[in-house]
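The next block holds one structure in the form of structure tokens; read it before the comments.
Letters A, B, C and D mark the chains as written, and numbering starts fresh at 1 in each.
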Amino acid sequence: MSIEIGKRIWAIPEGYIPDWSNGPKPEMVSHEAACILNASEKEAHVEITIYFEDRDPAGPYKITVQSKRTKHIRFNNLDDPEPVPKDTNYSSVITSDVPVVVQHTRLDSRQAENALVSTLAYPVE
Amino acid sequence: MSIEIGKRIWAIPEGYIPDWSNGPKPEMVSHEAACILNASEKEAHVEITIYFEDRDPAGPYKITVQSKRTKHIRFNNLDDPEPVPKDTNYSSVITSDVPVVVQHTRLDSRQAENALVSTLAYPVE
Amino acid sequence: MSIEIGKRIWAIPEGYIPDWSNGPKPEMVSHEAACILNASEKEAHVEITIYFEDRDPAGPYKITVQSKRTKHIRFNNLDDPEPVPKDTNYSSVITSDVPVVVQHTRLDSRQAENALVSTLAYPVE
Amino acid sequence: MSIEIGKRIWAIPEGYIPDWSNGPKPEMVSHEAACILNASEKEAHVEITIYFEDRDPAGPYKITVQSKRTKHIRFNNLDDPEPVPKDTNYSSVITSDVPVVVQHTRLDSRQAENALVSTLAYPVE
């Protein structure tokens, strides 16, 4: 397919990793994820920058998404150059060298039952 | 109406069919759905391709949505050319020969109470 | 403000009014709503058309949203020209003679705890 | 980065602050928030106007978001020029003098378990 599916820059204003969980691991651990679809013919080199309320941004966190693959990235698991702090508001900007599509999901299992939110990231360019 | 309502290519980065359920069937079975509105004067021939994290894409799954009709497609029910695996992350790209509008919904009933998420798919072109 | 806030045609592919509820009325009655913001200087004359899976569309349902006002319309309450059936999948197209912004929300209280979904409608034109 | 990340005008049609809560404070207090990302090199001067169903708009509420920072604003906490009423439907329009990205989130803890919704605001211009 020669049509470009997606954009190269995406933003997710809402970010927050709850600091406790409830339920069987690993499915029910509270987490925040970015789902990245690379439907292109080329490997995508993705960089995530995290913005905070009261300190300089963290990152870039580097991730590779192979051609015609999807990757569900849990922010909880990012640790290079530094872990993403829990119980802290943040935003993220995601850039890629090939077009991708990005969706944001949170599973909040702090109470007995889960709350799930999911929304497309904002396509910048 | 001569205005085109929708686009011909849509992407949904987030996909995941939980592998267990809780509650009365069929309403409360965990599922993942794409709701497709065809407000046009012509029948829509829709094709869904599923992208995975560690294997080649599956599909196309072929669906027809009649003129001035909506169709709520459960990914759980797709089985030609192959079923969509449960407990597996995936993304989907949906193409149509006439403009349609696509929304994604998941009912997750793995715990006693349901979690619902819904978001518009990403309009590619 | 001379900038137009919004569009004149919106689509919501996902529609479903659960047919039972749980919890104090009226806040906790299962419902599906379209929130319409008219930030313009003129009254908005809004028409909603409902598309189904297996019958011709219903409507138009006519609603007026005054200048610089919002209106939260419950699909449950629409009854002219006919009520919107419960436990039935539908989509909707919303048109207005002045620009508006439309968001879709569902409160599903079929189980003891509520599930809430909300997403912007798709801006057509 | 010389690319503009975001827009200067955003709209959120859906607004409602539940008037009771359930669970530990402050995390579990029912609230409605706008998350604003300012990825630009300049401080953002943000103004929020609130639209109601049956009275004139309130505001502007003025907020500053520093360069390369995010701010998660709880509508519950806005009180100048007036508090945002609870148990009342409203919409909001958010303007900024530099490009920002806006996402809307609600935590509804009126019942024992939380319901979470989150969606991008509508990018006007």
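Following the convention adopted for this analysis, a contact is a pair of C-beta atoms (placed from the backbone, for glycine too) under 8 Å apart; a residue touches a chain by one contact, two chains touch by 3 or more.
This one's a predicted model, so the numbers in the text were calculated from it and none came from an experiment.
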So chain A and chain B are the same sequence; what rotation in degrees superposes their CA atoms, nearest 5?
90
Please tell me whether the contact surfaces of chain A and chain D are same or different in residue numbering, using the over-half criterion.
different
Whole-Å distance, C-alpha centre of chain C to that of chain D, is 21
Considering chain C alone, which of its residues make contact with at least two other chains?
112-113, 115-120
Chain contact topology (line, ring, star, complete or other):
ring
List the residues on chain D that touch chain A in their complex, please.
3-6, 23, 27-28, 35-37, 39, 68-72, 101-103, 105, 112-120, 123
Chain B-facing residues of chain C, complex
9, 11-16, 51-54, 56-57, 89-91, 93, 106, 108, 110-113, 115-122, 124-125
